[in-house]
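Written out below as structure tokens is the structure these notes cover.
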Amino acid sequence: MKIAYKALLSGLLGATALTCGSAAMAQDDTLKIGVVTFLSGQAAQSFGVPAADGGKLLVAKMNAGEVPAPFDTVGMGGMQIELVLIDEAGGATVQVQEFRNLVQRENVDVVVGYVGSGDCLAVAPVAEELKQFTILYDCGTPRVFETAEYDYVFRTAAHASMDNIGLARYLKAQGTEVSTFAGINQDYAFGQDSWADFTAAMAQIYPEAEVAAALFPAFGAGQYGTETSALMSAQPDIVHSSLWGGDLQAMVLQALPRGLFQRSEVVLSAADHILPPLGKQMPEGVVIGARGAYGFLAPESDLNTWWFDAYEAEYDVMPVQAPYRMAQALLGLKVAVEKAMADNGGTKPTSEELAAAMQGSTWDSPGGLIEMANANGHQAIQPTAFGKTVKDAEGNIVLEDIVRFDARCVNPPTDVIALDWINEGFPGAQCD
Amino acid sequence: MNNTLKVVVIGAIAALALMALGFAMPRWLLFTATKAVAFGIVALGIVTLMRGGLVSFGQGMYYCVGAYASGQLAARYGVTDAFILLIVGGLGSGLIAAVVAPLVARYRGIFFAMLTMALSMVLYGVLAKINAIGGSDGFNLPKPTFAGFAPQDGASDIALYAVAVATASLCAVLCRLYYDSRPGLIALASRENELRVEYLGASVFAVTARNFIIAGVLAGLGGTINAMALGHVDPFFSYWTTSGEFVFIAILGGYASAIAVFGAALITELVRSFSGSYFPDSWQLLLGIFLLAVIVFLPLGFGSLWARRRVTPPPADEEIRS
Amino acid sequence: MNLALTILIDGVIYASWLFIVALGLTLVFGVLRILNFAHGGLYALGAYSAAVTVGWFTGHGLDGWFTILAMFIAALAVAVIVTPIIERGLLRFFYGRDEVLILLVTYAVFLMLEDITKLIFGVDPYYVFEPRTLLGNVEIGSLFYVGYDLALIGTAIVCGLAVWLGLRRTRIGKVTLAVIAEPEVAATMGVNVSRIHLLAFGLGVFLAALGGALTAPLISVQPGISVSVVIVSFAVVIIGGLGSIPGAAIGALIVGIARSFAVYKVPEAEIFIIYLVMVVVLIFRPEGLFKPIQARRI
Amino acid sequence: MSIPVLEARNLCKAFGAVVAADDISISIEQGARLALIGSNGAGKTTFVNMVTGYLKPNTGTILFEGTDVTGMAPRRITRAGMSRSFQIPQLCEPMTALDNVLVATGIAATGRQSWFRSAHSRADVDAARAILDRFDLVDYADQPVGELPGGVRKLIDIAMALASKPRVLLLDEPTSGVSSDEKFPIMDRVMRALEGESAAAIFVEHDMDIVTRYAERVIAFYAGTVIADDTAQAVLANEDVQRYVTGRKR
């Protein structure tokens, strides 16, 4: 048994030595950013890899000083940016561990990451404990700042309540008549929350409408034949879904020939990313959201045109929501870094300085103006938009009937719980 | 009593040495080591089952029960004392294991593995539904305190690591004593030949049920430690991949030794973490190769490197020679 | 329309898909005593190669029914290329070892296949649209069903019968049954056991890949499709009794109909209904539904 | 007359259409040396399996020391005082001979099974070695049983059955599968080990030389029935036995 302990001890010592060797002090002229997103598993294709690609592209352009004004300085505050990419797969347990490794072993200056809501909820308190400036760039759950306060954690994208409030508003704006509606959402927090927000918003906007069916297929189920039959039997006016990625594509492919899209109007809260891959297979007349004004839905601006073209030129496909949200996080970070350096005399900013600089800041992004307006300046609000699929002259699917919503029309005011705001009838909403 | 004394002394020395090592570790390794120790405790439960000839693919269930029981106590009722939480987590999962044990104790081989896995998946599905405890996103819990002390920052990490090591050492010592005892030998015999054990007058059912409850308690302790270390608990604790990771570690450690699993857990965590950092696109490939290599080159696990003697304990123990 | 009938049709379509995948799993277990976790990875490989093959066929003007042929060719190609590597190169060294250990070996293979598939095909999705349009739509009650989906039922029946009859009516099948029952005796009587193993595993791979190929038109082929499939088909073969072909069929039907029932009646339970069924079946039939009780010789 | 140590009354057992035991009634006295003979499928092993609880008779009663043990689980029957050895030795293959016996003595031991007391305590090891010594097996004590020759394995199997100090010991073909010149030494050792024990020994046997040398009483089975039950000499002289069992005239 002695040998055993000796082996264990030497293993531990070896690992210690390894770290001490590799943990070279971070350089002052580079900013090391840990980027965490899905590189394997179900979310890799739709969210993780495009976001990582977008991040790599934008960082390369920033390092070369090729981003249009006002972001045309080299790198961030003159520092070259170095990315450390980590796979988000493996659940919250693994992500807490990898977050600590990023901060304590890889000595990154900033962490930007997390698509999964569970990962965001688990990582946020750890970031706070380690006093590590951290940007949550994608995850949708409103709970992050509704149930806790953080000094070092920021989310540079609006939470998912916006998507479902916006959908209900869009239906009203289009004059759609709804007497019954149904939902098909994945059986985990994002799906359940999306459905709860949507039904609550519908109750305000369409008080007469009734729920015809609420289906909760497992995450990654892949087979939606039964669900399609159930939705078609219920014959609702509207079918709501927050499905995304492979699950959503499978649902569309399986339900399309069976006539679901003829029988009901389908509204998808987060579906823009399936349009480029599905191409002409996508049916017409489907309401599409992108969890923001992204891609087809993005507002016209020089920044957006540059971003759209640069991404398309690099990857031969249009950018969808994931790279947009990564870009808006990195642009916001750049603004914060440069603001902090202007205040501290030009040295590399600490986490505290970065947090102070980002709190309540605003910046332009390809998807519109980002305002860190909620949760004491830690939670972004942003404008959003929705549109309806239609075939253009060449038969390609594009979006028409695009309706934009101001950030304060679809996001709750600061310090108001999203669901409460909906149930109270959107007090203080500013829709033009 | 010589054997008992020897095992206890070695366990105590090892615990103290590992705790001392905690002060020398970089902080990220401290956390990884704490998590590995917790995983090792759960895997020790599987090792105990393996000595009775069974492998559970559902230990995530008891890991999860321990984490939820102690986590709810901490998050909802503000009980943050690590020792109380450990007792609650261990007893809570032990209780559930005791309820399940009579149900699963007559199953063997792949059916035992699959039944335990199915049960853990049912728990996963149910927990993901209960919004009052966070649904599929789980919930966060406050930092643990230690008998009235609430250490800050790094000290808290070290304190938790020390508690984890102490718990693990206690578990390993008790397990080693159990393995070496008469009931332990009978359990090992029922791994090799159930029929004979029954015909000699012992109940394999009782042996299995006992091992299963021990494994449940150990899983609950591991779950509690990880809940405290992570500050977060979610239904994923009960997902089959979590259980699979425990089996992975237990097989790597092998059933010969009560301590090899802890080394196996740490090595697995380091391999996974470093391959994930440096090869984010192909860490699964590397993990697969690592697993295959261990199975091919060390079929009885790391423990077999030094503990082969223990599989077939020699008769001439020191007690006889002395 | 009658709700019970809808539940039945949807359940049976789902069961057919499950059965095709589970058939290979149960066959491989029956012959080799291997519960093959890598089955899911092979399923994904089948889907990818079907997407590529069908694309190649249509690109060369071979559309229509040729695309169905292309899917079978794709599954066959996966079996021919992968079987020797996995079975000859790895698994045969583990025959006779503990079942759970072998499960872990195949889990390692599964992990490796995940990344290898990603390295070969990338993360961008692949599609196979054409085969699903060939058979048109069928109206049952007020619902439309896609002919292709209904044809899956027939395909499942054909696959099941072919394997089942093949084992009982052909020479090689009877030899295989002999190897299952008494491997040592079969070997001493001059049966080339390792060839039987290779064939059986190859057939298992083919069925996994065929399951993936036939599913490809229903989904977007991309990383992550392999995991949920393998756990569900484990449930099917455990419920039915490991190694039993009729068991796999019944298991698939039970799981399919239970799931379909849950979608209509208790959507909250859909996520764990399969595992619940598995627990209940195992409690009443500890070795699944179709396990002959074997008295041990003492 | 004292109560028989083992009494079977009207045992019947059928496997589907095959009748393996048809109204078997046997009474066995304390300390008996009894051989069960019969061709394959005659019902000997079925009888042993029923008596030791592996099979449950369709009808009939088994009394052990006057207590009804019909349908009891094997381990309860062992605990009651009746144990058995196996035609194919049932050993824990990777464990040593000594450990195998320690398992047997450990299970047989009454009282509290402490978790803090080593299974290899001096007293336990000495006792186990003593049992091995009775079978002349001490030399093999430290070898894994999986590596031992067939005859030695048979003896270890029997030694394990004897560890619980049974009042009835059933030996299922103790000499099958060993070479003919090993048979007598094995049986000699078994009988010597039984000396001083009050156990009745019942052995299923095919070799008539063994039967004549070691059995005081012989029961012959044919087609699930007892066709003869008497002294060895008388049974082997029985015409039915010669026709259906031994197949030759002596």
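In this document, chain identifiers A, B, C and D correspond to the written order of the chains, with residue numbering beginning at 1 in each.
Operating definition for what follows: a residue touches a chain if its C-beta (ideal position, glycine included) is under 8 Å from a C-beta of that chain, and two chains touch if they have at least 3 such contacts.
This structure is a prediction, so every number in the text was calculated from the model and none was measured.
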*If you check the contacts of subunit A and subunit C, which chains show up for both?*
B
*Please find the path from subunit B to subunit C through touching chains that uses the fewest steps, and give that number.*
1
*asked:* Of all the chains shown, whose C-alpha centre falls nearest the centre of every protein C-alpha atom combined?
replied: B
*asked:* Nearest whole angstrom, what separates the Cα centre of subunit A from the Cα centre of subunit B?
replied: 36
*Intercentroid distance (Cα basis), subunit D paired with subunit A, Å*: 74
_Centre distance in Å when subunit C and subunit D are each reduced to the mean of their C-alpha atoms_ = 48
*In angstrom, rounded to a whole number, how far apart do the mean CA points of subunit B and subunit D lie?*
43
*Spell out, as numbers or ranges, the residues of subunit C touching 2 or more other chains.*
114-115, 118, 268, 271, 298
*Of all the residues in subunit D, which ones touch at least 2 other chains?*
86, 90
*asked:* For subunit A, give me the residues that contact two or more of the other chains.
replied: 40, 187
*Which part of subunit A faces subunit B closely enough to touch in the complex?*
1-5, 7-9, 11-13, 15-16, 19-20, 23, 39-40, 84-87, 91-94, 96-98, 100-101, 103-106, 117-118, 121-122, 125-126, 129, 141, 143, 148, 187-189, 192
_subunit A partner contacts - residues on subunit B that touch it in the complex_ = 10, 14, 17-18, 21, 24-29, 31-33, 35, 128-129, 131, 134-138, 140, 143, 153, 226, 230-232, 234, 236-237, 239, 241-242, 257, 259-260, 262-263, 266-267, 269-270, 272-273, 276-277, 280-281, 283-284, 303, 305-307
*Interfacial residue positions of subunit B with respect to subunit D in the complex*: 1-4, 174, 177-178, 180-186, 188-189, 192-193, 195-203, 311-317, 319-320
*Which part of subunit B faces subunit C closely enough to touch in the complex?*
55, 103, 106-107, 109-111, 113-115, 118-119, 121-122, 124-126, 128-129, 195, 240, 244, 247-248, 251, 281-285, 287-289, 291-292, 295-296, 299
*asked:* Could you list, by residue number, the parts of subunit C that touch subunit A in their complex?
replied: 1, 3, 6-7, 9-11, 13-14, 17, 114-115, 118, 123-125, 127, 129, 132-133, 137, 142-146, 149, 215, 217-220, 222-225, 227-229, 259-260, 263-264, 267-268, 270-271
